[in-house]
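Got a structure for you, written out below as structure tokens; questions coming shortly.
Order of writing sets the labels: A, B, C and D. Residues in every chain begin at 1.
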Amino acid sequence: MMQKEIYIQESPRQWKDFIAHYLNLDIRKYEKAFKKFNRGGLFLFFFFLILALFPSLFAPYPPTERFVSYEPPSVAHLLGTNDIGNDILSELVYGARISMMVGFASACISTLIGLMIGLCSGYFRGTMDELLMGFTDVVLIIPKIPLIIIIGAFLHPSIWTLILVLGLLSWESIARVVRSKTLQIREAGYVKSAQCMGFSSFHIMASDIFPNLIHVLLPKFMLATASAMISEASLSFLGLGDINMKSWGIMLSFAFSRGGFIRDMWWWYIPPGVCITLCVMSIALIGFGFEGKDENGKRGVDAE
Amino acid sequence: MKQIKGFTGPELKKELKRWLIYSVLMTIFCSNICPAWAVGTEDSGENLSASNGGIFDRIITYIKSLLGEENVQSSENVSGASTAGMQQSAGSEGTVLKIATPSVIKSASFIGDSNLGVFAHLSNPPLMKMDSEGHLVGQLAESYNVSENNTCWTFYLRDDLYWSDGEPVTPEDVEFSIRYYGKKTPWASWINETLESSTVSGVNNSVTFKFNKPYTRVNLEFATYNILPAHIWKTIENPMEYTNNGPYVGCGPYYLKLIDLNAGKLVFEKNPYWKGKAPESETVEVHFYSSVDVATLALENGEVDTYYKYAGSYSYSGIEQLEKTGNFDFIEKTDIGLVFLAPNLKKAPLSDEDFRDALAYAINYEEIVNLETLGYGKVPNRGFVPPTMENFKETEKLEYNPEKAREILEKAGYSDSNGNGVLEGKDGKDIKLEILIRPDYARTGELLEEYFEQVGLDSDLRTADADTWFTLKDKYEYDLTVTRSTPWGMLMHASWGSGYFDSRRTGQGVMHNLDDPEFLQLCDDILATTDPEELDGYSSELQDYYAENLPAIPLYWNNVVTPYNRHFEGWYTDPLYGIYNLDTFLNLHEV
Amino acid sequence: MNTLLEIKDLIVSFQENETENKNKNKNEDKNEDKNETVTAVSCLSFSIREKETLALVGETGCGKSVVAHAIMRLLPPESRVKGAIEFRGKNLLEMSEKEMAKFRGKEISIIFQNPSLALNPVYSIGHQLAEPFRIHGQEKKKEKGNTTLSKVSGALKRVGFSNPHEYLGYYPSWCSGGMNQRFLIAASTMLDPALLIADEPSKGLDRDRVSELENELKNLKEKNENALLLISHDLGFVRRLADRVAVMYAGEIIEIAGPSSLFESPRHPYTRGLLNSLPENGFVPIPGSSPPLSNPPAGCRFHPRCRIKEKRCMQEHPELKESNGSAVRCFLCP
Amino acid sequence: MSLKAENISKRYGSGLLREGKCIFREVSFELEPGKTFGLMGPSGEGKSTLGRIIAGLESPTDGAVLLNGNPLSGMKKAEYAAFRHRVQMMFQDPTDSFNPRKRIEHSISEVLKLLNNQETKRLQITKEMLKTIGLPEEVLARYPAQLSGGQLQRLALGRILLLEPEYIVLDEPTSALDVSVQAQILHLLKKVQEEQGIGYLLISHDEAVIRFMSERIGMLKKGKLDMIRT
């Protein structure tokens, strides 16, 4: 048994061990959780992820290639063609990348900002805390979608603006969660002793507090992704997206503005809607999985 | 104690939260995907008025109706027409003509709401009208004459006209209306500035307007101003903000009885004092729908008889579906408006004529016509003006020829010297065209982007909602933009679309970016003549100018398609207002 | 006296990384490494007679809390339980969850470690104390409020509150830890359970509070007629309360004896070492530390730390030898 | 080298307008190298707060902690950094004193890195430290959750010893441990003190522990410090 541990220590050959060893992130702990939560969610998510990463493997045609417009589904075009003759299936497959990119990129931004602000305000407390949390409260009450519409109108409404704006506006809840968790952790003995031993604040935040925040950050990150995807779809549906980047929301928007609905072309407007819902659901499910893991971990008896 | 803990335990909370989020997700999904359904399946009268994109408008309207804003105003009844209204409604059991429109009326302001102004032609007809050939003829006026120097216009009124409260229509009403518009509305301020004097003659029932400079298009202008009853409106100080749900006193075959914003409809009732040809329908109702989709559903379900949109056609993609119901026929008429690509003439490289010429060759018109109009349109000429307009001149057809475009560009000094596949401008930097579009023209923008790429021009699409578009366009912050002209827009100023380009003008839809003296002179010449032959000469000169200089590149000429229920016959269209004219309503009869 | 609860050959084990088992065939070596079975309690047998106080002492991690949870059937799902726990002849391990729910609180009740965490801060004391009645359906709908409340105040009186009605409206946060502890005891004993389990009730309390608690439990013993299973590592506390003491080491019972004989003449070397580490005996430590439960040493589990070990201690596992009311698991003890 | 508390008072919840609750008032004592000062008293009287003030983790409302006669609050950065190494603190809950996400090895090498030890030397130092506290090398590869309370408390002490402190504030170092382990830890503390001449401030509510360990004893009760044994 003792030997086993040394084996891990000396030859981190397996990647999980490697990560656990060098990045202080023991994935093996999460494995159980991964297996516990809805496999369906995980499966769906990876399905969409592969779509997004390798669209050319799944899409029968390039998304901009034009055929006869308004074709119903056929063997050549499994989901028919749209108003300008693009193959809807191909568009759908390529749309996954855009939609998910918006989701993940803006979630990255918001998680990063939320983490910084939450950490600083929770760790330093005092005036810093009051200022940062006051600022957070202000951001919290800003109505997001209308603001994005206004900003989008005067900035160039590209997908990057959208990502930036969504990211910059949705970190408040993450900051709050991180802050409360940080307040809790900073009272722990290992933080106190690190302070005692003269580690810098930055070092303590990065190496003692941050790793213990991961299990709250991950679900928050996933939920932020899901909500960014929904925001993107809503904005695109209102016709304010970037039409160069054909996300699922833009597809829906076109399906409605260009007669897909009038002509009963359900194969045009149902699939992007279903994709948005399923993708968001799978991400949310994974998020819940992470959350559930934490709760399970704290229960149980002292069975050492 | 364990039980107590379990009661509010994390299990229950987690489960609850999960279901809550599922249901929120589903709701968001549903509300995204089926706004049209939701509205469509309700009783059509129930839907709230809202604009095309506007969930916010919808909310605002709803809140307004909650606050009772409309109700407060409707109670202060200013018009004497109520009595007439009551008489009328007592015996009305005749047929109802229902018209669907996507032009939503946002406020019950008779003068302030432009959409309402168009529909009010039925109750308060203007002095003049346009016949189906595009000639201007009298409507309330029996005839008119104009002095030699084009400054003095006299209109002779018909003598069988009565307001719906029984009062006769007098020349004073006309004089009051025109002056009232000039004073109180921004869009008719030219009247205030140029009208020198006006006189009224009770003897021959005429009214004379004297202008301080030659003004040749007065007969056209007066085909758009609704005549108001002076005895009612003279007490209203601020008509742009005045709202009232009706009834309004009118002198047409119908008068506007009710503006019902909550139910989304206008109700016109027969004018009991109308002495002309009696219309068959007792009531005309205009139903407005938040989107074309909803209007289509209403048509399909037989809830409305026809579809009308000022300066617009019924959605081409919906025609096939309506044909399938077997209840509808279609009137197809060439529009005198068109969709065009407007370059920013004030900014390089679009200020360069050769560059514009090259762009004109880079566009695949056939494909745009096919995809955008589904065959209900055709490739335009370089001369801009569509063939239905008076004095149309057959100029050269626009042609898709990317090679030629590249050749012209190269000759004009735009070349790709750094070899990155993108042409450089005269300043040596890569050209990046900014194409500003409203969501309506998103697809056209996409296609254009692709065409330009083929000739080595990089471009960038920028979508903006209508209000932002107006702002950016007026600040000249674009390289190219896609927009359209309306029938009235084509006729305004010196006609033949000149009003869109003349840099001396302002207005919502106009580009006002052409200050070439040659063009400005032409406009002034046209404005100063009423002689048909002279006009013909100037107009062909103008069209040649367009063809040569391309201040705008027309993308397609389209047809206005109007579906109508086969039960009704006797439709009449004019180029200006389509089917919405007195002739239609007077002649319409059930089969 | 009759036997109230009898535990026979109880084995509780936890399997970590249980999902790895499925791949076992693919990679034998690797999975043997990963698959760690922790046998928290091995072959444990003891019995509690009616009205008796049995104390279970031992170090943290020797498996004494697991026994308590096994009796209450509150172990996490990944645990494996073998053997039998017979309560008045019924095997608790074979009961359905529904039956067990009826049993908890009414027949067997437990006092948890931390009084401030076991009480729900958002309900009043009265509400929480009335909960057991509600759940066990003793309250008839017509005679709701009053009888329940009088029963609750009766219970409070028993634990030494002179004016119980006043406390019914209190919230846990208004009261001191000692008071909360008493509320918990009142709640646990309200339905007169035949067996009361106190799981480390003195842990984390300071000296004054421990003696307060001691008095409470003493009173309880005197007034009521229920048996008490006291789980603690506080030897002084145990000595004053217990009728019999069972010492646990590494998942096993190594000695059972009456308190006086145990404390005055301990027989097992571990017990002796344990007593020597007490302050009054001069803090003399036992060398080394307890073996991990996942991999106990062969032979006597205490032999690596034992000063008097022999050769057979390292090879053979000693059995629990019983002699006139006490028992010991050592070859070398008489 | 002396560490002195002079007339320390601490209030909580003080604001601009309100005067906070006073926890203790004008407490003075001195720590000596190689000796133990025992601080006892009922819980909630501010023993731990006093300990944290001495360790420099909190600052007193009034009074000063003096290191060699210099007050902590007025120290320059370099001086303070030196102080940080000289005075350490050990906490009550051993399961809490190591970051649960890091292997023990990592937590310890971090401290060595902080001290600018060379990588080759680190292993040796760690081994020596483990010998001192009597633990096998295998514990290095473990996570804190895999170790017992006693082992963790030894490691916590060992980690502190790496910094070669002159004073250690022991905040209830054994109250969360079992009797047998408690004895082990107390003996280890004594051994270390003898070997390295470290001064302890031992905070505990257990009189037996205090009496066993300390040369001088103070009782903190009702905001005042009474010397019991000097």
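In this section, a contact is a pair of C-beta atoms (placed from the backbone, for glycine too) under 8 Å apart; a residue touches a chain by one contact, two chains touch by 3 or more.
All values reported here derive from a predicted model rather than from experimental measurement.
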Chain-touch separation of chain B and chain D, in steps, is 2
Per-chain Cα centroid nearest the overall protein Cα centroid belongs to chain A
So, in whole Å, the Cα centroid of chain C is separated from that of chain D by 33
CA centroids of chain B and chain C: separation to the nearest Å works out as 85
Taking each chain's centre as the mean of its CA atoms, chain A sits from chain D at a distance in Å of 43
Flagged in chain C as touching 2+ other chains are 60-61, 74
Expected list for chain D, residues touching two or more other chains, is 148
Where chain B touches two or more other chains at once, the residues are none
Residue positions on chain A within touch of chain B in the complex are 64, 69-70, 83-85, 146, 149, 153-154, 156-157, 230, 233-234, 237-244, 252-254, 256-259, 261-264, 269-270, 273, 276-277, 280-281, 284, 288, 291-292, 295
Given the complex, residues on chain A that touch chain D span 2, 5-6, 8-9, 21, 24-26, 188-190, 192-193, 195-199, 207-208, 211-212, 304
Interface with chain D, chain C side, in the complex: residues 59-61, 204, 206-208, 233-235, 273-274, 276-280, 282-286, 289-290
The chain D residues in contact with chain A across the complex are 52, 55-57, 81, 84-85, 87-93, 96-103, 105-107, 110-111, 114, 136, 138, 140-143, 148, 156, 159-160, 163
Given the complex, residues on chain B that touch chain A span 10, 14, 18, 21-22, 25-26, 28-29, 32-33, 36, 53, 55-56, 291-293, 296, 315-318, 320-321, 370-371, 439-440, 442-443, 445-447, 449-450, 460-465, 467-468
